[in-house]
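A quick write-up on the structure given underneath.
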């Protein structure tokens, strides 16, 4: 009897202890502990490094440690699910690219979209078209000529269904060309294959490959942006011309890559405001400017309705892109997502009814 | 004895059946969205390699069944059916499933205490309780705090 | 290129002249040792932990901490593997086979000794090779494409039948099932869902760390507690016993394992958890007669091969990470993240922008290896004592730690369901004498084999001859064919011996 009683006491004691461990927190005190950022992409990519840098700056400002983990898989839906199922208390963020959560519904991975988050975007970078450093092509026109002559020319992409692949394919289609698209694990992996001469060219955000350009391992032929780029290599610097001058039809591929983080939309308003404040401060620091300069990124400050609208646009491009190449089992029509040509904001009821940003 | 020969072969048969189930599941995988033209197309399908693996499993399972039937391979069961073995297994697996639903704090002390009780055959109860408390603190407080792990 | 080596003296004073660097190195090694020894916690976790600390430090100190944890965590898993048949880190899984066999014979301290020494030698060997090879590595890395990767995976699958002794048929079944299960989730080539049954949790497939925790950890917990009699003799505890004579006898083995481990670490997608198995298998094939019989029953050569390869592999995985900015394993990925935090840019510009970095890194690795040897030796005494606690008291704690470790691998409750599933599977496999090694190998290289084959085919869809004719690939194919023939021959002669 004694022993049974003792057991009961100890069990009761431990239950009490564990009960004490969980306490509800007052949003006005945020942050009282460290933040966990789940990055939906692999280490080393722009989403990863940008979030790590941002977290380092914000962490110092807020006086808390940021713990960043890479949770890849399911095109980011796994990380997205994890963030949404964690408590919406401002301590679990999703580190990703602006289009990331928009494809899940049509891909049939999860019932989730940009309206389930508040998105904070801190940097952007244009697409570049590049070939190997020792390639015979020196301008994008030369490459296009060669592609007309060889409709099966191999090009590398960041993976079927990735935004790089979709926009690359869109670029090819817009130009009336064709090629044999080989999928790899991310923009950087595809770039390495270009260096290895396994594929002739590739197309991704310049931030993922800027160091390969600067070492001369790849040659940037054109940038999909109004401004040309200047690249410094050991052999001297060269200018990467804007492709939009000659091919204005490629304008729709401009301004598609934004990096930052998201928090669940039902996070309390005070917490959202504090995060926004810390975010604005971080963007304006010289450390952020230096980081962006070293990676070929341009700092931006995109929050609020502006962020929502940008995400909605990307949703249209991304979802219809996926559907048109056959990767999406469900049609965007089912979710009232318009094609980009018919885009207006808000595009549907879901967007209109999304919780507003706190004032 | 045919009876026990068949019993011996059951393991191989089960494996072969698992292989067949895997083959059926593999065929259910959707076709590639972006189809590669030409004869290579079949090998690039997402269902190709799982199907081949399932086929190999079925073949090996059948070979195993035959060998076990003939007696050239043994069908071993290292004492997994005793009461104690089943209890330990169910306790441990049950603990893990329970934690996935309600977290670590409650199931852990219960699991540790009961398991210690079972495998120590009811001796040294006070020691068991002390160890339970110690393990609870160590595994759910000390180590997580040291390594910044999420537990409770 | 050679100019990089000239920075060695300068880097020696920059890195090793700073007492804080030594402090962080030692702290890292101690922390890494503890993490490596406890099953459920691995080097990735430890390194991720120090990421939040690193950005406040000078980059030399940050690197010291990181390298300390990295080296020690990779190196100390073998001690636990030997003493309780549960690897402290997934990369130490092969050490279980012979290390635990030695422990069952009452020779646990020797097993721990071999593990420690082999880990030190493996790290040192790997470091020397990195130092010599790094400036040239980009060329090789670029020539190794998808077809070659596939051939290598095929090699791994070919050895699965015989890798851990016992019934070959069961070995193959284990390997194929492991491969099959590894393909659950969204495929990486075209994002096709495989075997997910609409379950969002399965989109990422099974986590290999959790799978190994389940198979080796939970499986062993249940297996060792199922019977009242203890499985091992509790021998005298004390310091690990270092047997230098045996090490000298194994010089060939050691050199081969260092190269094997490094090479495997180099190939992205294979990872350090597989390196120990390849090396173990090669050592087994190279052994003759009586030595060969010992494998699985306490062959020192087996422990040495596994531990040397596991450590040199971790070092090897750093090479492509630094040269191209692409992580080949999860530990290399964390290493990369850390480098970015310290404002280093892995990739072709690394040695241009931060000349001398390679020297500094290799110095740290070498010193960490030696420190690990000393600290492991000292701490192993207490470790052996703790791990010699009878299973009936120790295993419940191990189970809880495995659960904690699994949960922290992904942060989702589903991790525990996976753990239970693989724990059950591991238990059944142990009961029915299915070797777990091939299953694990299949699980680890399945996705890479699948992806690389299909990508290679997609690339060369119009010209298969060009694919097969790739120089590296051709060489590998020849090796594979020879291997296959030799394997068939030895099967036949084994069969004749048994008659």
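Lettered A, B and C in written order, each chain numbered from 1.
The definition used in the following text is that contacts are C-beta pairs under 8 Å (C-beta built on N, C-alpha and C of every residue); 3 or more make two chains touch, one makes a residue touch a chain.
If you're wondering where the values come from, they're calculated on a predicted model, not measured in any experiment.
Chemist: Viewed as a graph of touching chains, is the assembly arranged as a line, ring, star, complete set, or other?
Modeler: complete
Chemist: Could you tell me which two chains share the largest number of C-beta contact pairs?
Modeler: B-C
Chemist: If you average all the Cα positions, which chain's own average lands nearest?
Modeler: Answer for the innermost chain: C.
Chemist: Approximately how many whole Å separate the CA-defined centres of chain A and chain C?
Modeler: 32
Chemist: I'd like to verify one number: the distance from the centre of chain A to the centre of chain B, where each centre is the average of its C-alpha atoms, in whole angstrom.
Modeler: The answer is 37 Å.
Chemist: Compute the distance, rounded to whole Å, between the mean C-alpha positions of chain B and chain C.
Modeler: Their C-alpha centroids are separated by 22 Å.
Chemist: If I count partner chains per residue in chain C, which residues reach a count of at least 2?
Modeler: 52, 189-191, 193, 411, 458, 461-462
Chemist: Where in chain B do residues touch at least two different other chains?
Modeler: 30, 33-34, 148, 150 - these are the residues of chain B that touch more than one other chain.
Chemist: Return the residues of chain A touching two or more other chains; collapse runs of consecutive numbers into ranges.
Modeler: 34, 36, 65, 67, 160, 327
Chemist: Using the touch definition from the top, list the residues of chain B that touch chain C in their complex.
Modeler: So the residues of chain B in touch with chain C come to 11, 15, 18, 22, 25, 29-30, 32-34, 36-38, 40-41, 43-44, 46-50, 53-54, 56-57, 60-61, 63-64, 67, 73, 75-80, 82, 84-85, 88-89, 92-93, 95-97, 99-101, 104, 108, 111-112, 115-116, 119-121, 131, 135, 138-140, 143-144, 147-151.
Chemist: Give the list of chain C residues in touch with chain A in this complex.
Modeler: It is residues 48, 51-52, 55, 142-143, 145, 185-186, 188-191, 193, 200-201, 203-205, 324-327, 333-334, 336-337, 340-341, 345-349, 352, 410-412, 451, 455, 458-459, 461-462 of chain C that touch chain A.
Chemist: Provide the residue numbers of chain A that touch chain B in the complex, in ascending order.
Modeler: Interface residues on chain A, with respect to chain B: 3, 6-7, 10-11, 14-15, 17-18, 21-22, 34, 36, 65, 67, 160, 181, 325-327, 329.
Chemist: Spell out the residues on chain B that touch chain A in their complex, using ranges where they run on.
Modeler: It is residues 30, 33-34, 105-106, 109-110, 113, 125-126, 129, 132-133, 136, 148, 150, 152 of chain B that touch chain A.
Chemist: Show which residues of chain A lie in contact with chain C when the two form their complex.
Modeler: Within the complex, chain A touches chain C at residues 34, 36, 38, 42-44, 48-49, 52-53, 56, 59, 65-75, 77-78, 81-82, 85, 107-110, 152, 154, 159-161, 180, 182-185, 188-189, 192-193, 195-196, 198-199, 211-212, 214-215, 217, 234, 294, 327.
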